[in-house]
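Okay, so here's the structure we're looking at.
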Amino acid sequence: MIPVLASASPSFPVLPALVLTPLLGALLVILGPRRRPELLKLVAVLATMATGALTLWLLSAFDPGVDGFQFGSRHAWIEELGISWLFGIDGISLFLVALTGILFPIAILATDPGHDSRAYYAWMLVLEGGVMGVFTSLDLVIFFLCFEIVLVPMYFLIGRWGHGNRTYAATKFFLYTMAGSALMLVGIVSLAFLHADATGGPLTFDLIAIAEAQSIATETARWLFLAFALAFAVKVPIFPLHTWLPDAHTEAPTAGSVILAGVLLKLGTYGFLRFGLYLFPEATHHFAPVFLVLGVVGIVYGAVVATMQKDLKRLVAYSSVAHLGFIILGTFALNTEGIEGGLLQMVNHGISTGALFLLVGMIYERRHTHQIAELGGLQKSAPILAAVFTVVMLSSIGLPGLNGFVGEFLVLVGTFNAHRWYAVAAGGGVVLAALYLLWAYQRVFHGPAEGDNAEMPDLRLREGLVLTPLLALIVVLGIYPKPVIERMEPAVDALVEHVERHVDGFHEPTSRMGVDIVPEGGADSEEGR
Amino acid sequence: MFAQAGTVATPEVLWWALVPLLVLAGAAVLLLTVASLVRRLPEWLPAAWTIVAGLAVLVSVVPLWNEVQDDGARSFLAGAVGIDGSTLFVTALLAVAVVATALLSRAYLTREDLPGVEIYVLLLLSAAGGVVMASANDLIVLFLGLELLSIAAYVMAALHLRRIQSQEAALKYFVLGAFASAFLLYGIALVYGSTGSTGLARIAGYLSTTILLEDGMLLAGFGLLLVGLGFKVAAVPFHAWAPDVYQGAPTPVVAWMAAGVKAAGFAALLRVFVLTFGSWSGEWQPAVWGLAILTVLGGSIVAVVQTDVKRMLAYSSIAHAGFLLVGVQAASDRGTAAVLAYLGAYTLLACGSFAVVTVVGGTGDDRHGLDAYRGLGARRPWLAGAFAVLLLGQAGVPFTAGFVAKFGVIAAAAEGRSYALAGVAMVAAAVAAFVYLRILVAMYIEDGGPEDDTDATPWGPRIVITASVALVLFLGVVPGPLVDLARDAVPVLVGG
Amino acid sequence: MEVTVAWYLTLGAVLFTLGAVGLLVRRNPLVMFMCVELMLNAVNLTFVSLGDDLGDLGGQVSVFFVLVVAAAEVVVGLGIIVAIMRRRAGATADDLSVLRG
Amino acid sequence: MVIAADPLLLGPVDLEVFLIVLLKVVVSFALLMVSVMLMVWFERKLISDMQNRIGPDVAGPWGILQTLADGIKLFFKEDLIPENADRPVFKLAPYLSLVPAFLVFAIVPIGGDFRTGDGTVGWFGHRTFLQVADPPMGILLFLALSSVAVYGVMLAGWSSGSKYPLLGSVRASAQMISYEAALGLAIATVFLTGGSLSTHEIVSSQSNWNWNVATTGVVPFLIFLVAGTAELNRPPFDLVEAEQELVGGFHTEYSSIRFALFSLAEFMNVITMSAIAVTLFLGGPDGPILVERVAWLWPILWFSLKLSAFLFSFVWLRATLPRIRYDQLMDLGWKVLIPLALGWFLLVAALNVGRDRGWSPVPVVLVSVAVLWAGTAMLGGAVRKARAERRALEFGSDEALDAGNGA
Amino acid sequence: MEAAVFIVSAVIVLSGAFGVLLARNPVHAALFLVQSVFGVAVLFLLLDATFLAAVQVIVYAGAIVILFLFVIMLLGVDRAENLDVEPIAGQRPLAVLIGAGILGTTLSALLVAVGGPTGAPAANSPLGDAGDNTRRLGEALFTDHVFAVELTALLLTVAVVGAVVLVRRLAGPLQPLPVVAVASEPEDEPEDTEEAPDEEAGA
């Protein structure tokens, strides 16, 4: 049994504060002066910075040796239904929280909305609050609430501050995800009632209690898992359900794209880990082949389609589809390496794709186009931009020494241990990624610069400052991921152990073929048995 | 000769329990009398009077609630009337709807230059009918309450005497309403025939203690009652009147229909089916199940193709009826509580939404196309913002009362193992979300739209909108009070 | 032949159905109202015959209220019709198509 | 089935009983027809006397066979049906007028000793009521039938397919509905004191001078008379026919035998209405039995006498009063008769309740009168306000509204 | 005897109902309705419900149908309706189908319980004989059902207020009749576009 909300619960409720700080900021922004956008921006930046500071404090205060949830806090909400504000984080959610805390101030600093600043900043802050809620809540209903509420600010961000066909994109985004999560609510409620029936206890939506009890019959649990999985699959998105993503990414404002790619897509993958694997280990194991196939298809499909894109932003969007395929692959490998790799990849993807979108946004700001064909030779006019773009791109490709490599490598190792051929197929995706990104880089930055391209200004100081932390992370995580993996490992191990305990005849697939690959820079993976 | 007449024993009356009804009916009659005697009644008086009456009912409900919570439900007047938590809960909802409708009506009548005393009289009497339905302990009393509610509503629908649409709406409402009443009555007759009584408590007692060898008549009665009440709450396939009526009727009246009439209708459904026929739930649950599925899907899907906002909201109210039916179908205490909580949330949402529609409708009450909402976010940010909150609430977005409501009925369905129903309902909710998004898109994303001829929102609608938005948000974040009240309001049948 | 309650119930069912079909078929609002009255008559007949069979007065009491309601409904219904027809004489239910649906 | 209280039907219904009933039917039919004949003559003769004319005097002694002659003439005239007429309804209408008149007469007790006996007479060894039927809801039957009688007039006018008759119809329906309410309320007072709906029992309760005209306090009786006259479309409420305005009103297009039927119905209705009035308010056949040997005759005599008095007064009204205006008719019905009847009904009810509970009658009366006065005052105020509003609407000025404000 | 009366009345009732259904002229329909109502009243007599039999005639024939006729004549809407044209395609078969459905289910449900009602006999207020009917009904109404009786007062108030409000004439112009697009010929000028503001109030 994982100790419920074990250690390091400080007297200060840091997790609720994490959720409430941005919301408070949002309130301040709403009450702020309409005609002073710079002041509103200041408030927004301060609020996100404060949140970011909290997450940094969390990182430092987090006890890496503990495999349970930390910083727990609980407040009753609807007692009648056994719903409470239950927060806690473990190694799985810690870095996603941190990622959120870092990306938001960057996204807000990087761009200005242009109009209706007040609403813009308010929505951004609400969005952050919602995301934080998703990553930290341990009550099924609260999780669902946050999972859903995220849609609203994102909808408005795309719809009001997006480009081109934004109405279509925003509506599609909203409906896809809403429809996807429709069944999850049913699943959550059914799960709680079945759990209460089976245990004879009072109605509760406490994730830990339900997951640890594993009181649901196998068959039922599979149905419930599907209900959850649909929501997550749409959110990730997994291959056939991905069509909202390119539209949303392309039409969203830069900050929106950054957040969407960097954080929102992780809601789905995180959900698979926390609410799929943890709640329904047997069902997850049962359906893993399906998701593995879909993950591989996503990798290859995303890469192939990305290759054919004429729109730079769309290209990056499709690259996300491919990257997320890796995460899915790792998650459903159901071993420590895979899951860790997936987790790491979540963080990495957030950093590198976020940075890519920022860069694309910067190019757009200068040239007002996303069309690759209209760009060219930017390297000459904006060498620093090109350099930064190169680094980020290489991270995205998965060049060893940069962060992307670590995650992808771990995923491949995990998958290889579990299902060799999937890993081989996915490996092809890595090659394709190199292809489309490099090709795009070539077309955009090389060649002769004509017209406006020749006079395009280079990075400004502010933009550089915004990008610096991301670049730093790309490099640091690529060279020295140990502290991260160290903190993830206990939780992931516990999760895998949980799966082993509750799935008959399941053993963590590690180095089955006798190929013992020690992940580079990784912690020891000796706990295989 | 005279001596014989004196031997009649009159039944006991709990006057205190009748206070809400007496306040409503008394206020109506008094208003009517005063209005027919005083020349040049101050224009604000009827509305103010109605609002005061509504508030008085709200206030009076509080001690009654405590009384009922302490001493349990009662029944009196020879078992014709009962008082329990649900009675008072629904009464309070009706009172809220009355106040809101009166606030809207005042602004509306002034704008449309219509004479206005009768609308308030009818509103109060209609509400009295609703209160009767919520407290009926006898099918005949229930029916009379329903007719009181409906007939007043028919007239109110026709009250924009300068618009032929208004009268047509009333005609459609009336014809189908009368049709439904006939079904309801036939159902009552058959239930009477198979149980020997029209008293709910007697029927319930009979059904739970007697094994019926021949239940054909009873089942036919169930079916007809369901059809009759289904018409009243606009369940698919008995919904045909709702869109037309919502579109044509004066908007404040639509608010009443959506909030008040629906609440009373579901109070009746709960009393009759869940409470009285509870021991036979296996027989009627499948029918309600089917009705619920048809209603959530039908309402949501057809709403998508509408271009008139009032029609959209009409179909969405049909979809909401479907959700309420999901709660009814559960045939459990949790289901009942969920329905009541849903009604509470929907009352707020409907009042607020139609308040916005009233304002946007403009002079002549005919600007209800999506075009009228284009660019509203830029023109009138606060109005649009409020509408956005209300629409999101109707969509069931978290941290609005709408979510709490939907969550409750879904939970009830899940508890009753009606997973398919719950799933379909949630999918339908996602479809319905598209409808609300279309309005949001029009308000925020599209530009243009007509120039406003009115400068500011009148204070009546403003109060309604502000209060409903505040409550919708508050109950979304702190749903405890609503959920607890609804739990305590689960009705009890007391024999009489 | 003894007249049992089933006879009355059957007659009531047929009458009710005729009223319902009439309401659906006819387009003249006045005739539609008349069909509603037919349905109410069927209900009355059912009530009285069931009450007779049960030896209970409740059926007749109910009919009394049905009569009151019928009267009230007709008053309002005709009021609505008068309000409409004053502006559009001879309107049938099909002419009343200002509202879409 | 309905079981009449008539002792005739309590025993086994054999052929003899059946024949007795048949005889009663035939006699009452014949009686009615003959009375109509006499009534027409009586009316014409009386009016001519009142107007200082001679009147019919050719056919028979004092012209008494004039009606018969007229009937024969009408019978042989050509039967015309207008082209625009709705033929089936046009043909049906006279019968709808006539039949209810016959039926109402069936419930009127025209004889029987109510003072010492139970109102029965002995016929061929059977005790029986001197009325064709005594249904338990007797007087309601009268109301029901008189509401059916409206159809005759209404449909006759409508089906003629021409303008004047239609106007007559519209007037008829409005008038008869309006006055039926007052009529019903006046009768309700009688139920209250009589405690029964059966005509026989109503008459029983009035025996020995205990007539309802007194026990209900005259007012219902007067209301009944006025409303009854209006129901009959008799002058001064004959707006339905109104020759000067409507060229004969609803029966303009009728001729020949159908016209005769309408006439027949009208006079028959006059007689039955009088008979009902006698039954309800004047104790029916109640009266002293002066000669014991022909005891059965006296009640019949008293009944006929009372009836004749009513018939006389109907004629008298016709001869003396001018026709009232339509709006006056409506005002009288809705604003005077109905409120008055209702108020009086409540007053009587209050007194009855007071008596049952043993309350002192003085405060009961005082309170009741105060309540009624308040009601009347409010009604008056409302009527005045409505009038002012109508004027304001018509003349487009609000002065009328302001004018009365201080009052 | 009883059966004969029943059958005759039933024929009257049903032929009247069919008449309402099929009559082209609303006046004829109203008359058929009266016929049907009378038949039902006779059946009430057969069932010893004497009071209701009379009230049925007074209320339906004497008030309701008269009101119908009055409105028909007042508004002059007595022209015959062409029943040959089916306004909405497939409506009639559908209506008949629905009717058959209602009839079938109801009848089969009723006849399953062919023994008639199953409830507890005379549980509440025993039915007296015909002579006593009115008194018993009155006592039942004013004791057990007194609340319902009081409610009818409110109901009738609503009806009166409604009727008065609905036929009121207003000062000021009416809103013009909306343009109704004729579905079959969208190109044509719609017929109903007559300008209506000249319909002055109080005219």
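For reference, chains read A, B, C, D and E in written order, and residue numbers begin at 1 within each chain.
Here, contacts are C-beta pairs under 8 Å (C-beta built on N, C-alpha and C of every residue); 3 or more make two chains touch, one makes a residue touch a chain.
Note that the coordinates shown come from a computational prediction; the quantities given were computed from them, not determined experimentally.
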item	value
Length of the shortest touching-chain route, chain D through to chain E	1
Greatest separation from chain D - chain, by CA centre	A
Identity of the most central chain, Cα criterion	B
Pair of chains joined by more contacts [C-beta pairs], B-D or B-E	B-E
Intercentroid distance (Cα basis), chain C paired with chain A, Å	64
Whole-Å separation of chain centres (CA-atom averages), chain C against chain D	31
Inter-centroid spacing, chain B versus chain A (mean Cα positions, whole Å)	44
Junction residues of chain C, two or more chains touched	9, 16, 19-20, 33, 50-51, 53-54, 56, 58, 61, 65, 69, 72-73, 76, 79-81, 83, 87-88, 93, 98
Multi-chain contact sites of chain A, meaning residues that touch two or more partners	none
All touching chain pairs, where touch follows the definition stated at the start	A-B, B-C, B-D, B-E, C-E, D-E
Contact set on chain B toward chain A in their complex	392, 395, 397-399, 403-404, 406-407, 410-411, 413-415, 419, 422-423, 426-427, 429-431, 433-434, 437, 440-441, 444-446, 479-480, 483-484, 487
Residues of chain B defined as touching chain C within the complex	140, 143-144, 147, 151, 154-155, 158, 161, 164-165, 167-172, 174-175, 178-179, 181-182, 185-186, 188-190, 192-193, 196-198, 240, 243-244, 247-248, 308, 311
Chain E residues touching chain D - in the complex, by the definition given at the top	1-2, 5, 25, 27-28, 31, 34, 41, 45-46, 48, 50-51, 53-55, 57-58, 61-63, 66-67, 69-70, 73-74, 78, 129-134, 169, 171, 201-202
Chain C - residues contacting chain E, complex	1-11, 13-22, 24-28, 30-31, 33-35, 37-38, 41, 44-45, 48-58, 60-61, 63-65, 67-76, 78-83, 85-90, 92-94, 97-98
Residue ranges of chain E in contact with chain C within the complex	2-3, 6, 10, 13-14, 17-18, 20-21, 23, 26, 29-30, 33, 36-37, 40, 43-44, 46-49, 51-52, 55-56, 59-60, 63-64, 67-68, 71-72, 74-77, 79, 81, 87-88, 91-92, 94-96, 98-100, 102-103, 106-107, 110-111, 114, 116-117, 119-128, 133, 136-137, 140-141, 144-145, 148, 152, 155-156, 158-160, 162-163, 165-167, 174, 177-178, 180, 192, 196, 199
